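Would you mind keeping the following structure in view while I ask a few things?
Each chain gets a letter, A, B, C, D, E and F, in the order it is written, and its residues are counted from 1.
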Amino acid sequence: MTTVCDILDYIETIAPQSLKMDWDNVGLLCGSGKQEVNKILVALDPFEEVCREAAEIGADLIVTHHPLIFQGVQAVTDETSVGRTLLFLAQNGISAINAHTNLDCAAGGVNDTLAAVLGLENISPIAPGLLRQGYMKSQPLSEFLSAVKTALGCQGLRYVDSGKNVCKVAVGGGACASEMHLAAEAGCDTFVTADVKYNQFYEAKQLGINLIDAGHFHTENPVCKVLAGKLQVQFPHIPVCLSQIHCDCTKFFF
Amino acid sequence: MTTVCDILDYIETIAPQSLKMDWDNVGLLCGSGKQEVNKILVALDPFEEVCREAAEIGADLIVTHHPLIFQGVQAVTDETSVGRTLLFLAQNGISAINAHTNLDCAAGGVNDTLAAVLGLENISPIAPGLLRQGYMKSQPLSEFLSAVKTALGCQGLRYVDSGKNVCKVAVGGGACASEMHLAAEAGCDTFVTADVKYNQFYEAKQLGINLIDAGHFHTENPVCKVLAGKLQVQFPHIPVCLSQIHCDCTKFFF
Amino acid sequence: MTTVCDILDYIETIAPQSLKMDWDNVGLLCGSGKQEVNKILVALDPFEEVCREAAEIGADLIVTHHPLIFQGVQAVTDETSVGRTLLFLAQNGISAINAHTNLDCAAGGVNDTLAAVLGLENISPIAPGLLRQGYMKSQPLSEFLSAVKTALGCQGLRYVDSGKNVCKVAVGGGACASEMHLAAEAGCDTFVTADVKYNQFYEAKQLGINLIDAGHFHTENPVCKVLAGKLQVQFPHIPVCLSQIHCDCTKFFF
Amino acid sequence: MTTVCDILDYIETIAPQSLKMDWDNVGLLCGSGKQEVNKILVALDPFEEVCREAAEIGADLIVTHHPLIFQGVQAVTDETSVGRTLLFLAQNGISAINAHTNLDCAAGGVNDTLAAVLGLENISPIAPGLLRQGYMKSQPLSEFLSAVKTALGCQGLRYVDSGKNVCKVAVGGGACASEMHLAAEAGCDTFVTADVKYNQFYEAKQLGINLIDAGHFHTENPVCKVLAGKLQVQFPHIPVCLSQIHCDCTKFFF
Amino acid sequence: MTTVCDILDYIETIAPQSLKMDWDNVGLLCGSGKQEVNKILVALDPFEEVCREAAEIGADLIVTHHPLIFQGVQAVTDETSVGRTLLFLAQNGISAINAHTNLDCAAGGVNDTLAAVLGLENISPIAPGLLRQGYMKSQPLSEFLSAVKTALGCQGLRYVDSGKNVCKVAVGGGACASEMHLAAEAGCDTFVTADVKYNQFYEAKQLGINLIDAGHFHTENPVCKVLAGKLQVQFPHIPVCLSQIHCDCTKFFF
Amino acid sequence: MTTVCDILDYIETIAPQSLKMDWDNVGLLCGSGKQEVNKILVALDPFEEVCREAAEIGADLIVTHHPLIFQGVQAVTDETSVGRTLLFLAQNGISAINAHTNLDCAAGGVNDTLAAVLGLENISPIAPGLLRQGYMKSQPLSEFLSAVKTALGCQGLRYVDSGKNVCKVAVGGGACASEMHLAAEAGCDTFVTADVKYNQFYEAKQLGINLIDAGHFHTENPVCKVLAGKLQVQFPHIPVCLSQIHCDCTKFFF
């Protein structure tokens, strides 16, 4: 019998909790470590519809990147999205595990996967370990934008063009624009991240680095397939499914 | 159909949330306001065994004095008592409501009930509103101790004798010894409360006030019967039950 | 002779500093109130290129929405963008004034202007005064998106579709998504703002409100024309110019 | 001539200040290190009546466990117990020394003494050093309760019975119930401490550990005799007296 | 019989505690309100030698401007000046009262007295009430310096000359230089205070105000005579003495 | 070509920034590291008149002890002294460097220079490194006061005489009286510093140490000559000038 604890123990080997940020909340956030696991659903977020999908396919465990509970909850009621999700999971006997910033930083995690999907070569961490850098054949920014859009399946990109060809690229899945100076100091000409704010686009121009916002979902979601694959290899007798309904709710209008 | 919200609305009329302390957590802490209520269990604490009792008698709502969640929870798992309780309630479709410091302070609440059960007369609040004071026929402390033990059904009492007869008595159910100076300033010769610490017994002797620790459970539990009674009158079609299994786990050895 | 102080006094009448947020920095941030003003440049941001434009057209005052200094500066050197800008302004005898959150909230300010440009009717503030709400002829979201893009001159929009027609619209220029619940509580079906993050798009879907990110620049820049117009009417003898070079550095790639 | 400093120096060897908690206040709290010592009174607390006893027997130094000043005093007047005590000691030329949490943790201190008095065997510290653990011949809880009451001279005990026989016992004199989890994690079946609150008794039941509140005074006072004995051996020419009047003001009523 | 409380009650009428700064410590700081008062010593500071003087002349109460205890004391021992003073007072049966910032601000207090001694006319408070302002016949600064030195009995003065004649003068006894801007905003040409720091002298020059440091002792000590006089009138049967030995320990060398 | 950065690099060798206090602000506070340096003005403070002197003599760099900006500035306008100075420096193409607490602590810095000017022998730091101590031929305090006044060119001194001859002297230029206990613990009989407050003079008397306030300017200014000399030797082709107009604005009146 495989238990939730067995899954947790394995995830600790690929994304150790010692790598997580101080403010983060990771691990088993709902259910029981002693529960038997017969089917796993992997998704980026423990959104309500993802939990319903888990119930529909008969999964007894969801493994996500983002945490179900971010700040401590004072009540578990149907008045909040977190409360509804917790009630649904409990009522359907589904446990919930997540690996967040520990998976961002881990070797083979969110940012290594993003770098690989973008086709970077000689990938290495930028100190202190969150971002990754790698190399491309030198190309105009427009060519790289097209490649990013295709590789990540984005509907659109937002970016600032700092006038440089693309050759040495930094990546940080999700909202990593506040780490931009580390990418610039590492000598990267281009930085791919998400949730970029107005002043950060301008700051990139000041720093002389191309900054591309490829979307929070699209820069992080590739790790789900990797994570599901690793779980399937490790636990071959347990079906590990990728969420079929979880997609980016954000759309572009041109 | 009566819903959890209807019960909440009624409780607001007898223990308004405006009376609660800033640090407190009261109201609907688990479940759904829209849930239909067919049976209510009233108890001092939302302990795990009380929740099991609720399930066994078919209650869909528990109403307690103490809150289920005190400090925000970071996870809802079976590793903690709060987590196990939340999972059990969700799985059994039971909502949980509480009225804590708002019920302590409310007219007809915890402290008015305690004063009445002890037989005090001319009961009135001691500013700013938590404690109550009232009068007894003047008697030796030993006589009053015997009366308290009988009235509250305590196995034993702890006390300090400051050498005064008992006539004007202050009461504060639960751990109110830090409010002792208010009782002394109000001219009370005796103060009944619970969870008294060593230095507080000594402080009472310094202040010249008899201090009696009658137990947290025994000083607060009387309000449950009162609360259940009010709910039954207000919602005559819904069975309102008092917990039969919740008792004080603390024992005395002599 | 008109001085910088005269301009400041007038701006106080249209965007009183009593309306600003506690953390904001507004008013005269560089130069001298006693300086004579002969030409004014109005722009959204006091970026370096805007300051160079001011020097080139012979302006001795720039009036912007965003502040030149946000957090106190420890040094004024060419190692930072703020330092370079301050040195350039001082060397070219240009003073700098801004009206930030006071102009967001002011009647006829950023948000009233945005509402008007979008063609809303019966415009009114949403308490406590930052956002505005107004009405459109009921229309599908796709029709409204097209209208927003045209009205604001955006290259693209990001949005979440919550399945409602557009009729009652809230607006908040710049990064106002954290105020989304106020728009929802006011009964708006649609909210136009900027700098929206991943979880905020999802939160909008949960709240059942269409959320449109029309860009920080495009939602705030319309006020510049309004502000320049008011200044020109008040000070007819002083040429008031709109920045010709300041545009949104953020581009879309589809 | 033996001075107060000589006594302090000796106490440092048996209860080094490096062992005290950060928030604690220990050492010479009243009087003068240069004062000659001709008689010492040892007591648990520097209460007013203990200080009067010191004066009556001609002691020029009191050595206590609890500190005379806990939080800094703003005034030394007869309006407070601390003020009255300080004035009395000064007027009677009595210095006051204490060893509090340093003596709790020290080898041979409060908790080692408590463990020994209870007849534990193979006594050792529980990390990080405050509590002690030891072994008894396995016995029913009722038998152990009787032994504790006799050994410590308590009038009564309060306890929770978690259904286990007593064999491996943890002890922490005074209010140590917040350290209960350390006792449970160390595998103890029983924990003896004092000043236990309602929720802590319940928590013990949840943890499955017998919890006994044997009283703050009775769990700590045994160290006074030990401390007096050590002082007498070290300073054979100075009479070292144990307080004859200091007892527990808390009584039980059954 | 006159008690310390009677003296306190009278001081409350001339320097109400409601006028004191939040951080200040005033009133009865040592001894007993119930003590009989037969002789009073008034001095600026409760220094050790002042307390010895009180004992020598048989005073049972000292009344000072500066407080005996400023920050809460953790111990009352002869290792600190405050500890030695408290021990001495207690041993000699002397109580200690002070009126500090309440006396600075009070009508007829420290600053009104200083203004009067300097010969100012039409004396009035500068908002919010600490400093005083008044007028002199217009005179060169050198003439005013000579007058200040004579009036206060200073050995020397430190000052900055801002090039203005002296006509409207602000005063603040003790270390009030941080309030200098209030004096300047009130239109004063000259400010007399004490404990002035280097940057404050320079700031005065920038503000264009003559700043005179006449010494902490010399600017505050005049109030002692006034206070002693008021006490003597109010309590004619009790000898009220001014300290004969307390003087300024700071000397000038030229 | 020598740049401002070259000067900064050299100053780092004689007063490393690792020596500065946490709260301090040192280094390049105005202008550009890339600017060519053709003339340097050295002064204690970057006061407005010093900056004008720099402009008049054609200096393009000022090097001072005190920082131009102490707490972050929210605006650079002519309403404040710091703002006026920054505007003037920018308009005149003058950069500003300072070495403050790093120069206080550095070998050969402020305090070593002060010790040397006073003629101390066997000069060494007092832990943790700010103050210096050294020896004089034993002499009465009056003789030492005369020597200090002459050596530093003071108009007057303020001091407290603790009744000891002068032999082992501690020095701390500027406001170092709060470090007095370190001087006393090091066994010094005399301490020379500045900006001494009333209670500090009294504290010196209590500690039994002669305390001399020789003025902030006079105790720190000697380092300017030393610093200018070192710069001149290191950069022989660049004229390094000492400010001719910067003097102490504080005067004495006797």
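The rule is simple: contacts are C-beta pairs under 8 Å (C-beta built on N, C-alpha and C of every residue); 3 or more make two chains touch, one makes a residue touch a chain.
Being a predicted model, the structure only gives us computed values, none of them experimental.
Among the remaining chains, those touching chain C and also chain E are F. The chains that touch both chain D and chain E are none; no such chain exists. Here the C-alpha atoms of chain B line up with those of chain E after a rotation of 120°, rounded in steps of 5. In summary, the interface at D-E recurs among the listed pairs E-F, A-B or A-C; the equivalent pair, sharing over half of its contacts by residue number, is A-B. Chain centres computed from CA atoms place F at the largest separation from chain B.
Interface residue usage between chain A and chain B, two copies of one sequence, is largely shared: over half of the residue numbers at the contact are used by both copies. Taking the mean of the C-alpha atoms as each chain's centre, chain B and chain D sit 33 Å apart.
Chain C and chain F, compared by their mean Cα positions, are separated by 47 Å. Taken residue by residue, chain F touches two or more other chains at no position, since every residue touches fewer. Shown here, the protein chains touch around one cycle, each chain meeting exactly two partners. Order of chains round the ring, from chain D towards chain E, by the touch criterion defined above: D, E, F, C, A, B. For chain D in complex with chain E, the residues that touch the partner chain are 25, 27-34, 69, 71-79, 86-87, 90-91, 93, 95. Interface residues of chain A facing chain C in the complex, by the touch rule stated above, are 45, 47, 81, 142, 145-146, 149, 155-161, 174-175, 194-195, 197-198, 201-203, 205-206, 215-217, 249-254.
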